[in-house]
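Pasting a structure below so you can have a look.
Think of it as A, B and C in the order they're written, each chain with its own count starting at 1.
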Amino acid sequence: MNTVQSVFGGQGAEGAQFLSLMTLFTVVTTIIYLLVLAYLALALWRRRRTEHTVESGDHAAEPPPQRTALIGWVALVNTGLIVLTVASFLTDRAMARTASSPALEIEIIGHQWWWDVKYTGADPSQSLETANELHLPVGVPAHITLKSADVIHSFWVPNLAGKQDLIPGRQTDISIKPTRTGLFRSQCAEFCGVQHTHMALDVTVENRADFLRWYRAGLQPAKAPTAPLAKAGYAYVMTRQCAMCHNITGTEAGSHFGPDLTHLASRRSIAAGTLPMNRGNLYGWVADPQANKPGSKMPTLGLEPNELHAVVAYLETLK
Amino acid sequence: MSDAPTFERDLADVPTSAFGSRSLTWWGVIAFMAIEATGFALAIGAYFFLMAHEHSWPPEPWLPPDLLAGTLFTTLIVLSEVPNTLAKHAAEKHDLPAVRRLLIVMAVIGAVLLVLRGFEFNSLNVRWTDNAYGSVIWLLLFLHTTHIATDWADTLVLAALMHTREGEEARRFTDTSENSLYWRFVWLTWLPIYLLLYWLPRWAP
Amino acid sequence: MSAAELARDGPTLHGPELAARLERSWSRDPGLLGWLATVDHKEIGRRYLVTAFVFLALAGVLALAMRVQLARPDQNIIGAARYNEIFTMHGTTMMFLFAVPVMDAVAIYLIPLMLGTRATSFARLNAFSYYVYLAGGMLLWIAFVLNVGPDVGWFAYVPLSGPEYGVGKRADIWAQMVTFTEVAALSVAVVLTATILKQRAPGMSLDRMPLFAWAILVTSLMVIFSMPSVALASGMLLSDRLVGTQFYNPTENGDALLWQHLFWFFGHPEVYIIFLPAVGFVSEITATFCRRPVFAYPVMVMAVVAIGLLAFGLWVHHMFATGLPRVGYSFYTAASMAVAIPTGIQIFCWITTMWLGRPRFDVPFLYVVAFIVTFVIGGLTGVMVASVPLDLQLHDSYFIVAHFHYVLIGGAVFPLLGAITYWYPKVTGRLMSERLGKLSFWLLFGSFQLTFFPMHLSGMLGMPRRVYTYPAGLGLELPNFLSSIGAFIVALAFVLFIANVFLSLRRGAIAGPNPWKAGGLEWATSSPPPPYNFAHVPSVGSATPLWDGPLKWMSGLRVDEKEMLLTTVVSARPDLREPVPEPSIWPFISALALTVMFVSSIFSPWAVLFGLVPLGVALIAWFWPKQLEPTAEPVIE
């Protein structure tokens, strides 16, 4: 049950509060349900029956005990609902408090069908941009601003917190405070077009030191390739279609139409969770994105085998 | 079933036409008025919803609609209630000559209103494609125009009908009375729209 | 003219002689033209019912296609684009072309019979509504077959459905289909409201009206106040797409959330528009099979009215994740939870009726029991998603898919199947097979739980709605596999139910007027009823007239012309004799003209203007009174 994409995880402060509230709701509603079933079963199968039917001649009778029971039932249902409403309200307030005074500012922009993730540093040189991955330090409240570049998407890391929509023309936000480390998976939760299915975000909650190490590495520009094959790939990427959409910091590729590729090879997956990151899948993806993710904005380029080898070799250097 | 039914009343003396809530037509008209009023209310809701997005209303640099055509239209449509009420009363008194006369008056008024409405569209100072403000005021004016046009067509048909032998039918007087009721709805719904289109943009900061 | 001056054959006119005379006045012309021109509510109700079930079958096949695709992880049997079309068609068809029209169908057929009147009000409008509904459904499905079907979800959120991202005509077809079904549903709502308020049998005061009629009255009023919202929203969507307005375009200060507000202001009441008629079915069936009226009638009526009112205060609970001010959400949480109170009261009253009566376990009643067992689960998960912190996790996940199928299938389709079994003998004159009925019932009840219960789990394991596949390793394999297996058994159960409907047409036991010995007026006429429903006007002294002594009648309506009785709104005293419209081809032609106008407006906005001409001509012909026959002497029974 406690997988990388599950509301049972409870690895965030909100996720844990959700679990306790869900437990309370489940208990109360189950009790109500069992009462209904019990009353139904008794009504259908009780043996000593005083009838008030057409055949017995007094079908209009409405005996006082049942009237009293109705009032009792309404009171019971009301009490249950009031308890649940109050509990829900208090949990909501508590959730709003847990992530106050955030120590980390992040902006996530939804695109058809990938996530643009920006960490706002103290100054622009300390700001980091990546795609389809989110790293969070454990125990640190993070404030995430959510925007959309096209249609409505929804940000949802079930293990950590509930969801929040990304709406064009509006700005929404969510605060998350992860309480345990781990690797999680997030997936767009609002239907956003053909490849809504393949719009995942890999979430890594790690300790502070690991997070800072990742962050500092992320700030570094891409290293220039040294091996001949990778150099050929670099030349292809810079001079052909790739650079028209993608950014690789430290190179001439500076477009932000598609996901940032600066540290592509260090990520867990390719194309917003479509394929796990490995050499074979990089080959498969670069050779034919439309076969792997039909409708994706990345066209199938029709690379020659030698070009494909070179491009993949270069992409693998983007650690 | 009715082998030997027990009868407790003879309905032969129950009348065959009546006015107001006794007639089925009235209920039909009221139901359609409820549907259309809901539509207007929601369109007005959309107007305020979109207004909340703007710093000024109308948004810079657009100007509010010019007042002349809309105000003339409003004056005439409010005054039209006089012949409208007369027509309703004449119908309820089964006064055929008066009904014939007044329906023609109402048809002429409807035609003049439609012409004035054309000038109104021309004086909005914004096109529907310009921005959401332009879209929503065109929407309100368009929605209301469909009502003017519908009732005008209805009045024309009714006027023609009243000049045939059909006019002597008691039920046609009910139709005339309900047509007058509907016209009241049409001009009453115009008043808030007039304020929203012409005056709120002048009052709003 | 006073009664004394009228030529009359009655009360001497009775029996077969009277029936023959009425038959002559009320029957329609044979042949295709007569078929298209009919205004008999029973014929129109039957057409609605058959058409709605055809759409149910089509949407059901799409559901099976989706379950095949989702049976195992990482499958690519149906591609992403096609899958998106399929779930859009499934939801749109089920909501707009099955659920609402099927409830209208039953109401159109039964309400006049239950009220003891000869026709619905505005009989031609009723006929018109059917053709408009049919045209809307055909537009959607022909587009799908031609591969231009909508692919933006049944909710068509902008901007995905807007001019920039919803390329092609797919979203236009969706929006125009909505216009068709709204025109139809609003027309039926007007017809039913007027019928229920003005045409009840003498003596059937509001407090003696069948609970089904109450449910339909509230439903119709809800339609009147909610459907304009979606009509307006889809009209604005069409104008954004076709003439360049900016309602939903954020760069010109339009707003994507405006769509969501308008859509859910309709969309939430829609759920109760589907559920309340089912409340009516359950009440009628419970009363008949427990041999007594439903316990606490006034409380039941108040509960129905309360649901109708509360339904308009809930729409924002579909928008908890859109970042609206959080304080405002509490109101919608409280309002959403509050719906559980009237619903809980109804459940209690039905069970108490069973307690006080003597239940008979025929198929219709089994569906009532299954309804309670299933629907209450859907209601309680509804309480969960009313809570903001819970909804933010559960929203747009398969948990919601489970929730609303429990509400809509458990809460509306189970009662509907019970209702069809219950009233089938009234419509056809024969009873459905109990054996086949029980077999399909148990199969359906079990397989429904197998299909939809696991979806609660897959949702909580992070499976969002509207995905065409899911990766292995998230724990989604088992629940999805179970759902897929269950879906095929559900389909089998439906096939058996439909087989029973067809087989029983020929082989079913002859029913007679009142096979269940029920108490309502619809059982006081023959099965199937004659075109004029009742030879005389029934007079009512209680809520269950057939259980309270022999029925009394009133005479004096015309037999040479179609005539019905209007009564006063509250106490149902005889008030007016009202002519019933003759059959007419013009409602059909008007619907045709409207269809031409709506469909061509997708391609050019000018079509609206040009389309008005034939529509106007058809409507004038429709409403033009027929020629007076000066020599006709009224003949009265």
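We adopt the following convention: a residue touches a chain if its C-beta (ideal position, glycine included) is under 8 Å from a C-beta of that chain, and two chains touch if they have at least 3 such contacts.
Everything numeric in this text was worked out from a predicted model, so none of it was measured.
With centres taken as mean CA coordinates, the chain nearest to the overall protein centre is C. Taking the mean of C-alpha positions as each chain's centre, the chain lying farthest from the centre of chain A is B. One inter-chain figure worth recording: chain A and chain C are separated by 37 Å, centre to centre, where each centre is the mean of the chain's CA atoms. With centres defined as mean CA coordinates, chain C is found 30 Å away from chain B.
In terms of their C-alpha centroids, the spacing between chain A and chain B amounts to 51 Å.
For chain C, the set of residues that touch two or more other chains comprises 254-255.
On the side of chain C, the complex with chain B involves touching residues 2-3, 6, 8, 11, 14-15, 18, 121-122, 125, 186, 189-190, 193-194, 197-198, 202, 224-225, 227-229, 231-232, 236, 239-240, 243-247, 249, 252-255, 258, 261-262, 265, 513, 524-526, 534-537, 539, 550-557, 565-566, 568-569, 574-579, 616, 620, 623-625, 628, 636. Touching chain C in their complex are the following residues of chain B: 1-3, 5-18, 21-24, 27-28, 31-32, 34-36, 38-39, 42-43, 46, 49-50, 53-54, 59, 128-136, 138-139, 153, 157, 161, 165-166, 169, 171-172. Put simply, chain A touches chain C in their complex at residues 1, 3-8, 14, 17-18, 21-22, 25-26, 29, 32-33, 36-37, 39-40, 42-44, 46, 49, 51-55, 59-63, 66-67, 69-70, 73-74, 77-78, 81, 84-85, 88-89, 91-92, 95-96, 112, 146, 150-152, 154, 156, 158, 161-165, 167-170, 172-173, 185, 187-197, 273, 294-295.
Those residues of chain C whose C-beta lies close enough to touch chain A in the complex are 79-81, 84, 152-153, 157, 159-160, 164-165, 250-251, 254-257, 290-293, 295-296, 299, 321-323, 326, 329-330, 333-334, 337-338, 340-341, 344-345, 347-349, 351-352, 354-359, 369, 372-373, 376-377, 380-381, 383-384, 386-397, 460-462, 464-471, 473-475, 517, 519, 544, 547.
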